[in-house]
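Before we start, here is the structure in question, set down as structure tokens.
In this document, chain identifiers A, B and C correspond to the written order of the chains, with residue numbering beginning at 1 in each.
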Amino acid sequence: MGGHSDIVLIDENGLRLDGRKADELRPIKIEAGVLKRADGSAYVEWGNNIVLAAVYGPREAHPRHVQDSNKAIVQAKYNMAAFSVGERKRPGPDRRSVEISKIISEALEAVTMTELFPRATIDVYMEVLQANAGTRCAAITAASVAMADAGIPMRGLVTGCAAGKAGDKVILDLGQEEDNFGQADVPLAIVPRTGEVVLLQMDGHLTQEEFEEAFRLATEAALNVVYPLQVEALKRRYAASTEEIENGITNGLANPVPHEESAEEIVDEVTHAEEGVALEDMDASGEEAGQ
Amino acid sequence: MSESNSREIVVPGDLLSDSPDLRAGTGTFRENGRIYAAQIGIKNIRGNYVNVVPLAGKYLPKAGDMVIGVIIEIGPSNWLLDINCPYPAPLHVNDVPWRVDFGDTARYLNIGNSVLVKVLKVDETKRIQLTLKEQGLRKLTSGRIIEIPHSKVPRVIGKSGSMISLLKNYTNTRIFVGQNGRIWIDGEPDDIRLAVEAINMIDREAHVLGLTDRVKEFLESKKKIES
Amino acid sequence: MSNDVLSDIKRMHILTLLESGKRIDGRGFEERRKIELMPNFVPRAEGSARLRLGNTDVLAGIKMDIGTPFPDTPDTGVMTTNAELIPMASPFFESGPPRPEAIELSRVVDRGIRESQTVDMAKLCITPGEEVWVMFIDIHTLDYDGNLFDAASLAALAALKNTTVPAEKFEKGEDYPLPVEHLPISSTFVKIGDKILLDPNYEEEQVANARLTITFDENGDLRAMQKGIGGGFTKEEIFYMMDVARRTSRELMQELF
């Protein structure tokens, strides 16, 4: 933040170095279920950022002393690959990665139904393969998709996005130069369903009005642009198989077999419980329904 | 707000119902009078319950489940098993049909052995208790074990066991389907292979209509080729 | 939590199939899995490549910097290779400092590249005794299903092939492609019972008694070898593997590069 440079970050037409307007996001692409071994995974391209997230869990937590007998712990680890930044980074966690890991763990924990898995851990690994400002927001966005892909019960997805100030203007989604030479950066993450803010940092210099504007820009972008991409990625991953199969079958059958089962019956079969029991009941004064 | 059964996939946080008449079922949670999805899955309304049939997520054992486990650790008076769930499950010498002396556990069940066990109980901290003492439970020493997502198990069993009977009859194999997604098949090698193919087919096409007939067709066509 | 127990029944299944000349995924004993190569996966690195060997998935990235040469080799560039077995790739990889497996992998990949003079390190000299190019090869395992040696070596090679020396950034002239002079291809075998298999997947590795990685260059000359896991090979087995390696690596080289 706040390095000195002769770079003009915002030109006379209000356009930024990469041609974006103040409230424009970089292009984003999200895919779910990209790895085989992990229980859940996701891949995100956000501008020139490339992030891969993988989830293992719930699984028993080790060593024994980190176990919480009442609930699962969420251990998110953010790491930058050596080749992800301009100057090669020595492998291994540095202080910055440790801090980011901590705040992301806390953000994800806020929506995870950890009470369902005492003594367990949910391990979330985020690898930044190419970094270009805004990696922590891309990472948490990927992490949340990976957790959903793993079937971890959650109260909602978590979506990250950042805004800040550069060239004396409040702008959305800082790029690399804007991050290096700008005046403020506000990375955050929300739960789109409720609007709850689960990750928030600010660094630089902003008036209160400027912060409110940045906050508005970031949360709206998270809700209106990034969140739908997360949902779409998840639906695409599972829809593809069911649709292909259905199409393949109706196309391949010369004489369609009579349907002895209805869709309802199939789904009924797949549901174990005779009487459904909710995973969590927030209405019953904080007590949870049994399982 | 559609209360019907679409084949629509829902993700965590999706609103399923705001009707006061419906109750929150599996894979859901309730907040402020509304029911939301907690896992990625398919929305399903049955009776007055809204459920989400999860498309992902680990097997969570319940008392009474019969499962296939693998011994991963041995203690002087118990064994630890991998039953394909978040927690390794202990089997105590008191819960096996043999009289095992202290420290002699390896003689009966060793690391790598597969067993058919039953879940006796699961407590509030999710500690699992297994037993090998009931009828039909035993060490598995032959055949093959394959794994499918545990959510597909009811499909392999079928309504009133229709699918699994079909498989057993056509392939002439012994089959046991564990609730944890592990399936044991025993018989002649070629028959086992056929059963495995049929089960893989069920796994791939679990959400499709008319599956039992298709599996029957598949098995019949394979039998014709052989005879 | 850091070791995987293979069930006896599974083990027997693999062995029985092998007795009848079959592998669990239907491959021939001398057949490699399908390779999917995505060069330049990380465009902003000096070079990179993501490679899938069956379900094993690795990403190699090349970074270059300017530094001082080693005192005993004042006119050659510097190269270091590091392979990370990150926990993302397997439930049995743990976070923390590199385990012996990761170090062995790094060193074997490094040896294959260095000993075959894939890159002529003398050409990476800028001013003898003062400035040379320093090249970092970093390999990230993303998904583990056996045979990291071959996957990592091939990914590193593919990454080197699309590396651009960033001379402009350091004001040393124009950017130019890294001169890659040789193509060392590694072939890894395992021995299960008395059967020798090329390109083991994860389960085959679990059952294996011994492992051998052999690296040939495009001229059919040997560049590196590494034996792993307990157990041993007979002389005949070693020469058999060398023969298969030489043959299949030539095909692979033509297919990929």
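The rule is simple: contacts are C-beta pairs under 8 Å (C-beta built on N, C-alpha and C of every residue); 3 or more make two chains touch, one makes a residue touch a chain.
All figures in this text were calculated on a predicted structure; none of them were measured in a lab.
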{"item": "Graph class of chain-chain contacts, one of line, ring, star, complete, other", "value": "complete"}
{"item": "Innermost chain, taking as reference the mean of every protein Cα atom displayed", "value": "A"}
{"item": "Chain whose mean Cα position lies farthest from chain C", "value": "B"}
{"item": "Pair of chains joined by more contacts [C-beta pairs], A-C or A-B", "value": "A-B"}
{"item": "Rounded Å distance between chain B and chain C, as computed from the means of their C-alpha atoms", "value": "39"}
{"item": "Distance from the mean Cα position of chain C to that of chain A, given in whole angstrom", "value": "32"}
{"item": "Shared interface positions of chain A, touching two or more other chains", "value": "59-60"}
{"item": "Chain A residues within the chain C interface of the complex", "value": "35-38, 41, 48, 50, 52, 54, 56, 59-60, 62, 77, 79, 81-84, 86-88, 91-92, 123, 125, 127, 129-130, 132"}
{"item": "Residue ranges of chain B touching chain C (in the complex, touch as defined)", "value": "70-72, 82, 111-114, 140-145, 189"}
{"item": "Chain B-facing residues of chain A, complex", "value": "39-40, 57-60, 69-70, 111, 113, 117-120, 148-157, 191-193, 230-231, 234-235, 238-239, 241-242, 245-246, 249, 256-273, 275-283, 289, 291"}
{"item": "Residue ranges of chain B touching chain A (in the complex, touch as defined)", "value": "5, 7, 9, 11-13, 23-33, 35-36, 38-40, 42, 44, 46, 49-51, 53-58, 60, 86-88, 124-126, 151-152, 154-155, 158-159, 204-214, 217"}
{"item": "Interface residues, chain C side, partner chain A - complex", "value": "1, 41-45, 48, 55, 57, 59, 61-63, 65, 82, 84, 86-91, 95, 97, 136, 138, 140, 142-145"}
